[in-house]
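Have a look at the structure that comes next, please.
Letters A, B and C mark the chains in the order given here, with residues in each chain numbered from 1 onward.
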Amino acid sequence: MVSAELKLKTLSIMLPSMPMPLGAYEMTVQAGNLLFLTGMLPLKGREPQFIGKLGKELNAKEGREAARMAALNALAVARKHLGSLDKIKRIVRTSFFLAVSNDFIDHPNVADGASELFRDVFGADRLSVRSVVGVMSLPLNTPVEIEVTFEVTL
Amino acid sequence: MVSAELKLKTLSIMLPSMPMPLGAYEMTVQAGNLLFLTGMLPLKGREPQFIGKLGKELNAKEGREAARMAALNALAVARKHLGSLDKIKRIVRTSFFLAVSNDFIDHPNVADGASELFRDVFGADRLSVRSVVGVMSLPLNTPVEIEVTFEVTL
Amino acid sequence: MVSAELKLKTLSIMLPSMPMPLGAYEMTVQAGNLLFLTGMLPLKGREPQFIGKLGKELNAKEGREAARMAALNALAVARKHLGSLDKIKRIVRTSFFLAVSNDFIDHPNVADGASELFRDVFGADRLSVRSVVGVMSLPLNTPVEIEVTFEVTL
């Protein structure tokens, strides 16, 4: 099994600092060997780095970057909880919510902005399941929210 | 660990009677120590107590009350399954779906109507992870649906 | 416990061939005794069989058929992973995302197109929990996406 921490170094990827909660909730909860994460947004701290809807203010390329930023936040949050990403056995589940205009149709491409990062870090033999949904709006008017569940070693 | 049942009494919170299914599904399924709940709406029995979309027919304050009512239904359903809320180790995950108008932006505030109830009942050291999404519409034209997963003692 | 494989034969239900991924993800991930599935669409292979939104291009009856097709895909994917549906202890959780027009109100009826199939195959004593949400749009402009989690025997 490839080391995710080593892979991050090889890819010269620096994880961002932790995003901050916007209400009465935690960023992570572990139950047994499942680690559940709060829905990740493309924030730095509490500040959104992408604003608007896909197909309106933002195009698919920007959506991919926003998805990647949310995925990096997920990794930062997981590392903070676990100490090291190498305690992640695999990514189990990723649920993507994309804030979209009525006629946006490029959902899988945007989600791949995050899924391809996860593939690069954890390897193609540890891909997750995925759902992708186009919604009306997301907190702070961001374009992408990702719910991630990890399986971790105890 | 604080007793959730005692806390309910201290706060003079009476749980409502069980909401009724609207189709071919159960209100609860337990798998190991995870207790999964059907998406909770602001119903009494099968009757919606809040109708409409946030930012249109309903404002954020009403949305908070609707979220709190859905959360109380979640507790009623969990108690029915478990016998006592004191068998809940913690709330693991809460997913909020808010039916919103196009320009509604107060998602985290509405979700806190439920999250703050859970914090008051289970304590600030047992907060859940959370995702919040603004959607087009919900069953029975209600403004809030909450999916809750609990970790329970076996 | 009724045999789901036998029940499929009795009901003369043939499962479709596997749907194909649209990006960097897997169709199934098992963690312990939980089997998580990618969001299922009403596809054959990669080809959508229903296009459009409920309440606009499609009515509730077509929505029920689309939901049933997505549910059959879920069974095909689960059988591929497990070898036999008889390794399923029960369906734990089903999350329905319905692409809807602004005034569509028949969400539970559409979801029952899938829930009733699951009831017929696994029996009324093994129903799942359920959430149903009306959203803006789904991948490939399909009207229904279902996220399914199974509890399986190890």
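Here, a residue touches a chain if its C-beta (ideal position, glycine included) is under 8 Å from a C-beta of that chain, and two chains touch if they have at least 3 such contacts.
The structure presented is a predicted model; accordingly, all values stated were derived computationally and were not measured.
**Student:** Are the interface residues of chain B and chain C largely the same numbers on each copy, more than half shared, or largely different?
**Tutor:** Chain B and chain C contact each other through largely non-matching residue numbers.
**Student:** If you fit chain A onto chain B using the CA atoms, what's the rotation angle, as a multiple of 5 degrees?
**Tutor:** The best-fit rotation has an angle of 120 degrees.
**Student:** Taking each chain's centre as the mean position of its Cα atoms, how many Å separate chain B from chain C?
**Tutor:** 24
**Student:** By the touch rule stated above, which residues of chain C touch at least two different other chains?
**Tutor:** In chain C, 32, 34, 95, 135-136 touch at least two other chains.
**Student:** Show which residues of chain B lie in contact with chain A when the two form their complex.
**Tutor:** It is residues 32-34, 89-95, 100, 102, 104-105, 107-109, 111-112, 115-116, 118-119, 124, 127-136, 149, 151 of chain B that touch chain A.
**Student:** Which bits of chain C are touching chain A when the two form their complex?
**Tutor:** Against chain A, the touching part of chain C is residues 22-29, 31-32, 34, 36-39, 95, 97, 99, 135-141, 145, 147.
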